[in-house]
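You will see two complexes here that share chain A, one where it goes with chain B and one where it goes with chain C.
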Partner chain A sequence: MKKLILLLLTGFSTLYAQLPDGKQILDKIDQNLSSENRVFSSSMIIHGRRTTHTIRLKTWTAGENKSFTEYLFPVREQGTKMLKLEEQLWIYSPSTDRIIQITGHMLRQSVMGSDLSYEDLMEDKKLTDQYIAKVTGSEIVDGHNCWIIQLTAFVPEIAYQEQKLWVDQERNIPLREEMFAKSGTLLKKTELSDVQRINGRWYPKKIVFKDMLKEGSGTEFLIEEIEFNVPIADYIFSKASLKK
Partner chain B sequence: MLAFKLALRNLLGAGLRTWLNVIILSFSFIIIIWLKGLLEGWDRQAKNDMIKWEIGGGQFWQASYDPFDPFTLLDSHSTIPDVLSDSVTNGTLVPVLISQGTIYPNGRMQSVLFKGISPEQKVLALPTLKLKSDGTYIPAIIGSSMAESTQLKEGDYVTARWRDKNGTFDAAEIRIACIYQTNVPSVDVGQVWLPIDNVREMMLLPGEATILVANKEGWKTEKSDKWIFKDQKTLLIDIENIIKAKSFVGILIWAILLMMAMLAVFDTQVLSIFRRQKEIGTYVALGMTRGQVVQLFTIEGAMHSVLATLVAAAYGIPLLTFQAIRGISIPVESKDFGIAMAAKLYPVYSLTLITGTVIVVLIVTTIVSYWPSRKIGRLSPTEALRGRIQ
Partner chain C sequence: MIRFLFKGLLRDRHRSLIPFIVTATGVMLTVVFHSWITGVLGNSIEFNARFAAGHVKIMTSAYSKNAAQTPNDLAILGTDTLTRIISEQFPEMEFSERIYFAGLVDVPDLSGETRAQGPSMGIGIDMLSGNQAEIERLNIPSSLKSGSLPQQRREALLSRTFAEKLGLHIGDTLTLVSSTMFGELALYNFTLCGTIEFGTTALDRGTLIADITDVRDALNMADATGEILGFSRIGHYNNEEATNIASRFNKSYYSEKDDFSLLMKSLAEQNNMGFLVEYSSKLKGILVFVFIVAMSLILWNAGLLGGLRRYGEFGMRLAIGEEKGHVYRTTLMESLIIGFLGSMAGTIIGLAISFYLQTYGIDLGPMMKNASIMMPQVFRARITPEAWYIGFIPGVLSSLFGTMIAGIGIYKRQTAQLFKELES
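Showing the complex of A and B:
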């Protein structure tokens, strides 16, 4: 009996020892996904219950709290601009020539019926600053060996208490993410693909977001062009640039 | 007295011309009384319903709360001050905690307000007793408009998603325990009522509330600067303003109708003076002063409104009484206006309204009759007697 217990304990500890440290993986993910600043053009394809529509955007972000986005397509939205500074968001609509401010709960509303909120679209917080990671196993996703990582938030003010990531063991990029409510209900799922080497880092150029409580096929987010750590003029992140 | 007798005889003698004027004038009577009565009925019904379903005897609002500004909701909550806590315990003040969230009826996403209220409350007409449960599920009550827009039925479960005070997502299934009928859209459209304990737990706000609804009038803002008392008058100001605006439109319609009727009376008077010059001359020749003749013609004109009152009473009393008893059906779409309006409105005709209308019409008709009659004062009696047009 003692031998059996010893064998089991040894087996478990060996298995556990084979799993890497979650924090190290998160660091590597942050190195790939986060940057001091970036400029990118993207398309958002929103699959609704009956219709599909596409929005094209150009975004400038600096750090975690500054972001500026301009709508390029469709024509009726062309010229709409969004500026996010800290917890405040301003939206400029050329049709009304007015700037409206969005704060609090409104930031959590869906952007044009998509599966992304304004927060999702314009935030770029490092995972290591928010979550404790624990590697719980491995699985193959789209032909890539992935670590399964359980994330638990250690900061109180966070959208998702728990997340589960499937992280590519070679490229250190999550290929699948699941976000959970405090009750454990699965709220959102993202699939990341078309991972490419850009400026020495791996980056997914296609992300599919799916609100699991809502019907529809989700929202595709396609990065068309992206540049990391390029100089961005300060005036971009000012309210004056909304009307320019 | 002679003037009255003569005026009545002349008036009746004019036949169809008089009766046409009288009928037009009687329409004005009926329409103004009906319109005013309808607005008065709506005013009473809307205020009664709002007091019964939403505002009670007034409300304490958390200082940051502004129902017209959703941005304020995140910060519009605090613990109930000691000075009011006894009233909350004995049920004279009912705490309501309001937060924003989302429900997913049939896979569709819909933003809602979650309103937490005590199931045992007796201040508002909401069927909150249905919010009692054995703890195995979260019960919810919704209004019929909300049920219609979400296609939810009693007994249905729907996923609710919200963020707690830290902004962390949470979700749970809630069960529709009851669908209630109300004429007050502000306790129905886009709202889900839940037990307050559940909402406090969901939002991580134990013991907190957004508003406190009083059971009767007479409260005032206490020293606590976090809670401000809004009395019934303040809370009913919007519906009062809407009804005032509607009353203005009513007055405008009435003024147009009255103007048309007065135009007819004025024309009749001008025509009478023009055609009855010999008669005017005869009156003067028989010893009447010019003033007396003017008085006679003025009384004659003003008597149109007296006859109109009688005619209006003849067909108006049964018609308006019937409507006051049976009510007037309002199309279902009127719910979408977002104001308290019953499916059927019952007009209220007060004595002040009826006598007021009669007096106003009588005075206006007298003025309109006197206006052309002044010309008589300038007539030469001899020329008038000859029937020469002056």
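Showing the complex of A and C:
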């Protein structure tokens, strides 16, 4: 009997020992996805209930707190600009020549009818700065061995209280994500693919977002061009540049 | 004979005055109550029809499931052609396209940044085509508190209290922040041309009204509309007509399998209005029934008392040879005269009071300060053709029934006992 208990205990501890530390994986994800700054051009293909439409954007990002986006297409949206500084977000619309600050519940609204909210756009912090990670198992996703990681937020006022990630064991990139509210409701799902080696890091060039509270077939976010750690002039991240 | 009885009634007021007053009062109350209830329910139904439901409303099937949220991403497309076709198919209805939307009204400071902001419910209606139907339907000219109606594109009206709260004056610029039909952020500048007050808290909190062409531009809804409202050409809601038209329309345009097929709903099928419509139609029947029962009981009692008081008179008449049937019939004839005159007086007084309530109404606004439902503040009675007879017929009949029941006692009198009774 003693032998059996010893055997079971040894077995469990061996199994537990085989699962890596969640924080180490998050660090590796952050090394791939975070950068001092980046400039990228992207397309959002929004599959609504009735129609599919495409938006083209160019974004400049510096650190975690500064981001500037300009809408290039369609013509109706051309010249619309968004500026994020710390926790604040402003939008400039050339047709009204107005700068409007997006606050409160409006941050949870969809960006241009997509499955992304303004909050999603603003969330650019490192995962390790927001979540405690626990590896709960492994699974194969799209032919890649993945760790399943449960994330629980330790910072208040965060868009998603919990997340579940399927992280590629070789490339340390999440291939699938599920985001949950405090109540446990599944709010959003993402699928990351077309992972490419860019400037010594792995980066997904296609992300499909699906807002689970919204009908439609999701939004494809395609990175067309991306550059990391390039010099960006400071004036880009000022309100004055919105009207330029 | 009638003249003889009439003279008797006039000379012996004890015989006629109380039944006359009772009948007149009952009839007057019935007429006033009927006109008031018809007015209040009719006001509420028509108010909801004009501002929200129409007599019928066309939406896409998907939109109708969440109509309270005005999901314009599920709007009707190709409305120019559609409105023309349905106007030919259903000539008994006048159709109007409307776009209801939610958003924020943002007021800029001198540098163009947000000075004030508040949530708003917007309505886009036809204001600039030259057709005044929608403007009049929403009673906008008489609700205008300052400024003028939109005369050109990009002009909008705002609730007076809302404009004051935002510190807006006529001629100021305001920006509508909303979502387009495709879910994109919509920003659109308007010039405030006037302020309005409907007298309904739900509408006066934060309503923005603009021409539908501007709203289409703002919300990227070219040739689309959230709803098409139909208004009966007879001028008021007729449930039978609306149900019939909706059923004919849905046979041609609605399919359960297609979320974007068109669905027409009658007013009674929207916003729990069915109860009000059904209640309104049944109320008159209930009212007449209650009135006849109550009045019959009162007049029966009055008849019994009268019969007791006239016990001697009836005895004398029977003793000198008048037939029981004749006595009974003359009593009934008397009650008919009293019923007729009482009902006539009651109807005239009732109509006069109803006319006053129809003209001036009663302002219940202070009692509904925080009400969120769409109800008018001033409630008015409404005199319908029914009001002229709804109290009159039961007034005459109940008076007759009362006397008929009370008069049965005449047949129980024993002729042999009459002289003994008279001696005592």
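Rule of thumb we're sticking to: the second predicted complex is superposed on the first by the 242 of 244 C-alpha atoms of A that agree within 3 Å, B and C clash if a C-alpha of one lies under 4 Å from a C-alpha of the other, contacts with A are read in each partner's own complex, and residues count from 1 in each chain.
Heads up, the rule we're going with is that contacts are C-beta pairs under 8 Å (C-beta built on N, C-alpha and C of every residue); 3 or more make two chains touch, one makes a residue touch a chain.
Everything numeric in this text was worked out from a predicted model, so none of it was measured.
With the two structures aligned on chain A, chain B clashes with chain C.
By the touch criterion stated above, A:109 is placed in contact with chain B and with chain C alike. Within the superposed three-chain model, A:234 lies out of touch with both chain B and chain C [touch as defined at top].
After overlaying the two complexes on the shared chain, residue contacts for A:182 are found with chain B alone; chain C is out of touch.
Applying the stated contact rule after C-alpha superposition, one finds that A:98 touches chain C and leaves chain B untouched. By the touch criterion defined above, A:48 lies against chain C but remains apart from chain B after alignment on the C-alpha atoms of chain A. When both complexes are overlaid on chain A, the residue A:86 reaches neither chain B nor chain C. After superposing the two complexes on chain A, the stretch of chain B that clashes with chain C is 330-338, out of 24-32, 114-122, 294-302 or 330-338.
The contact surfaces that chain B and chain C form on chain A in the two complexes overlap at residues 49, 106, 109-110. By the touch criterion stated above, chain B contacts chain A in their complex at residues 70-71, 73-74, 100, 104, 106-109, 111, 159, 161, 163-164, 166-172. Per the touch definition, chain A reaches chain C in the complex via residues 46, 48-51, 53, 76-77, 80, 91, 93, 95-101, 106, 109-114. Contact residues of chain C toward chain A in the complex are 62, 73-74, 104, 106, 108, 112-114, 175, 177, 179-180, 182-185, 187-189, 220, 259-260.
Against chain B, in their complex, chain A makes its touches with residues 49, 103-106, 108-110, 153, 156-161, 179, 181-183, 185, 187, 211, 213-216.
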